[in-house]
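Shared chain: chain A. Partners: chain B in the first complex, chain C in the second.
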Partner chain A sequence: MLSPYILNLIVLIAIYGILAMALSFVIGHGGVLQFGHVALFGVGAYASAILTTTYSFSFSIGFLGAMAFGGIGACMLGMLIRRVRGDFMALTTFFFAFAFYALVLNVPELTRGALGIPAIARPSIVMSLPSYAIASVVTLVVVYLLLTRILHSPFGLVMGAMRDDELGARVLGKNTAHVQRVALVLSGMIAGLAGALYAHYIGFIDPSSFYLGDLVIIVAAVVIGGLGSLPGSVIGIAIYFLIPEVLRFINIPTETFGAVRQIIFITVLLLIILVRPKGILGKVLLDT
Partner chain B sequence: MTTTIATQLALTILISGSLFALSAVGFTLVYRVTKIMHVAHGVVVLGSGYAFWWALQRGASASFAVAFTIAVALAMGWCIHTFVYERLRTRGKIAITMSLVATVALLVLGQNILLALFGSSTRVVSFSKQLSSADIHTLIVGVSLVSIIFLGMFLRWSRLGKRMRAVADNSIAAEVVGIDSARVRLSAILLSAVMGGIVGILYAMEFNLDPSMGSEIAIRSFSRVLIGGAGSLPGAIFGSFLIEGVEDVGAFFYSDGLKSVFSFVIVFLFLLLRPRGLFGRKIRKEDL
Partner chain C sequence: MLEVQHLTKLFDGIKAVDDCSFSVAQGKITALIGPNGAGKTTILNCISGIERIDKGNILYEHQDVSHWRDYERAEAGIARTFQLPRIFKNLTVYENVSLSVHDRDQDLIPSFFGFNRLKEEDEKKIANTLAHVKLSDMGDTVAQELSYGQQKLLSLARALLQPHRLLMLDEPVAGVNPALRQEFVTLFKRLRDEGETMLVVEHDMDFAMEIADWVVVMNEGKVLKKGTPVEVRNDREVLKVYSWK
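After this line comes the complex of A and B, so read on.
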């Protein structure tokens, strides 16, 4: 049997891997740079946590609610970026992540603000660590298969066409704005699901779990793994979670450990952007 | 009684408004000339604040500390420009998207480096022996407004300023008439770094320093630019006072914690109703 330490790593890589794939789906395949997914992840986590603790609904309602609210959040994000383009659009999504953080911090009636929500239970069938690991990996695989399936459907082909040449796709009569919105909502639902998995695994969430640090990590994982490659994003996430294993050989004081870990990962990101912008498994380069 | 509160409120708006207007102007200048969303400006400002604190901590005189800070700011601007922005530029079109990922990554990288160097505790620059708080406030408003006016005059009348505007409007045409656009871009980023250094010093005198403030400074500057209109200097200034006004009046009547929520609401209203901002030109496809 695997040790709890390794199982913990597997669960985290699976959860963030799902999130990174959801992001890769819109960035790499939809061609839309997004920074807002960390907020959708948070929406899912908070939705499931509040539904199952404060309102004591069942876990299935919690997970479905997380997906629904993730989708609704993505809808709102889609509305905000409807009229801005290019880098302004991407920065607006960045803004969205900050707005979510500020909002969660300031509605303590619902979210308990900075105190966070403690004691979020796990569903009884996946109470033990190995079963939770299996459940997360299964979810990861299901999400992967679902996304690949969509990418090979006519809808996914339009997404690819849109990424490569939006004007061309529109000339062929494809409703690119609609495709973009649907893809974003779908990706938001998956991000919400990942959030619910996270909340029930860790058992405690507070606004700082869904902030700038995680925002950059998932975007970095998608870019490092390679745009247009779903497995690549999971590899990117795995690299991030394996950095501490390397750092163990160097003596770093615990208070700066998190900072050093992020410094290393972001340096890798910058090197990838400068030296090999396609990333590890990437197929495409993002235009404009 | 009411008049004193009103004056107090007006003063707060004036102080923070002019300080962040200067920061927003530095951000806009780089965006206009290089077409890069200079999110890393937040960390240039914060890094300068820390440099100022560190120099004073070491027993340097105030004037030496100011000189040291400006040197550090210039070094940061130069490094960001040479090692990241210019290298991405040689890659052509993909660079626009990737430069946004890179600049956000630089922001988080810088924050983490500051965290690793100086720890997470807040740092305070204290001038209370030499200067009263009224003096500091006068200094902030005076220096910010003078710097902004200086910049406006510089862009309008100086040779280099005219070149900057030429490159901002059309870099290819500027090259054709013999302007070295690479040098102009470098001078724009260095000028913005100097202004960032000034903001950093003033910021350190008025507020406390803590490593997570970089993103807040960046997001505050960006929201002001967005409301004012992309690339418009008067827009950045008006946007700054508008946001500051709404934030401070809102914080006065409701609660201090909701301050950032108010500014997000205005920005989102602008995005939905008037995405080009107060002074922005109509955004055309070929500008992106």
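After this line comes the complex of A and C, so read on.
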């Protein structure tokens, strides 16, 4: 039987792994520079939390609502970036993340603002930690299989073409705006699902849970793991969460683990960019 | 097949194309030639929908496509290549060309459930076209590993496989070796004899004259002369613009 500490690591790696795969799907496979992903994570978390705590809906409705609102958020994001490319697309999605943070902070009637939403219950079927860990891992595997199936299909091929040369894809008759929209909505739904898993696991969410710090971790994990590789994204997340395990062997105060972890993670990111830009398992380099 | 009527295109107030009119006859090769900056590629971009036109009309099979989007014109049968080969560099050669023949590949549900797999006849078409362009053995090669000439051939293969009724080629022999250039001459003449309609933009005047049935000469954004290769080659105004032997 695994210890609660290990199970906790497994749950967090699974949840953030789902989130990172959803991001890798649009950036690494679709070429969409989407840096508002943490907002969609937050949309899902808040949607499920509000539906189950404030409105007392069932957990099924909560999770489905998380996915639906994640998809709606992604759709709105898609409309914002429809006419921009490259750096401007990245900036626009980045500001979307800021906008979400500001919205959540300033609509206390719905989100309780900076106080956050406490007492978010877990579904009884996965009340225990081992069962939540199993559910999270199963969800990770299902998401991985779903995305892999899509990426190996004709739709996935169009995404790859769009990533490599959107204009080239358009003169082949491909409606890249539609493909981008669908990919973003799917990614948003998965990010929303990850948000719901997170909210019901941690039991408390507030705006700071879905802000720049998490955005950097997720994007860095996707880059470290490698663009164009779903397993790579999960490896990138695993590296982030397992760094403290390595630190235990080094004689540094545990209260500094948080800061040291960030430093090491970003150092790994910089090394990857300099030495192996495609990442650990990556297959592509983006031209923006 | 195609009629360009009084086409004008401005970039920051400068007329890149100025009141150009010409037509492309079905089953013929029309060459669009001219010095650098004449507006040839801009015209191609306007026809394919990459650039919006400022004045004029583009009639394709008697339909005014002037305001259609680029992918809509491609779906309607206008295929093209670019001066610098535009390949999907992280995809294999096979994947690059299969995108041309795939139908409904932008629909997620049919893709997910495998309803829009390639048919046997499509696979045969791909195999034949790759054989024509001598890339049969490179199906699994990632496109960015191809040489420049091979990338040109790949982008040509993609355009040929794409369902089309008009094929537009932008400087197809630019930067290729003499042997490949000659292969292109043979290939384009054969395609024309098989009924292809082509609009070819070229800098290589000898190549253009060798393959074309009709020539449109441009200079400084305007049409200078239209005619058969013999008429154009002997025209005084054209000779002033070009120094030919």
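To be clear about the criterion, the second predicted complex is superposed on the first by the 279 of 288 C-alpha atoms of A that agree within 3 Å, B and C clash if a C-alpha of one lies under 4 Å from a C-alpha of the other, contacts with A are read in each partner's own complex, and residues count from 1 in each chain.
Please note the rule applied: a residue touches a chain if its C-beta (ideal position, glycine included) is under 8 Å from a C-beta of that chain, and two chains touch if they have at least 3 such contacts.
Please read these numbers as outputs of a predicted model, since none were measured by experiment.
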Chain A as common anchor, with chain B and chain C clashing or fitting: fit
Partner chain in contact with A:A220 - chain B first, chain C second, else both or neither: first
Which superposed partner A:L80 touches (first chain B, second chain C, both, neither): first
Touching partner for A:S128 - first (chain B), second (chain C), both, neither: neither
Chain B versus chain C as contact partner of A:L172, first or second or both or neither: second
First, second, both or neither for A:G156, with chain B first and chain C second: second
Partner chain in contact with A:F88 - chain B first, chain C second, else both or neither: first
Included angle at chain A between vectors to chain C and chain B, based on C-alpha centres and rounded to the nearest 10 degrees: 80
Which partner reaches more residues of chain A (counting touched residues only), chain B or chain C: B
Contacts of A:S58 with chain B and chain C, given as first, second, both or neither: neither
Where chain B and chain C come nearest after superposition, their Cα distance in Å: 9
Doubly contacted residues of chain A, that is, touched by chain B and again by chain C: none
In the complex with chain A, residue positions of chain C that touch it: 48, 50, 69-71, 74-75, 79-80, 82, 86-91, 95, 98-100, 102, 104-108, 111-112, 114, 116-117, 158, 162
Footprint of chain C on chain A - complex, ascending: 149-150, 153-158, 160-161, 163-165, 167-176, 178-179, 182, 186, 228, 283-284
Residues of chain A that touch chain B when the two form their complex: 33, 35, 79-81, 83-88, 90-92, 94-95, 98-99, 102-103, 105-106, 212-213, 215-216, 219-220, 223, 255-256, 259-260, 262-263, 266-267, 269-270, 273-274, 277, 285-288
Contacting residues of chain B [partner chain A, same complex]: 37, 39, 84, 87-88, 91, 93-94, 96-98, 100-102, 104-106, 108-109, 111-113, 115-116, 119-120, 212, 215, 219, 222-223, 226, 230, 255, 257-258, 260-261, 264, 267-268, 271-272, 275, 283, 285, 288
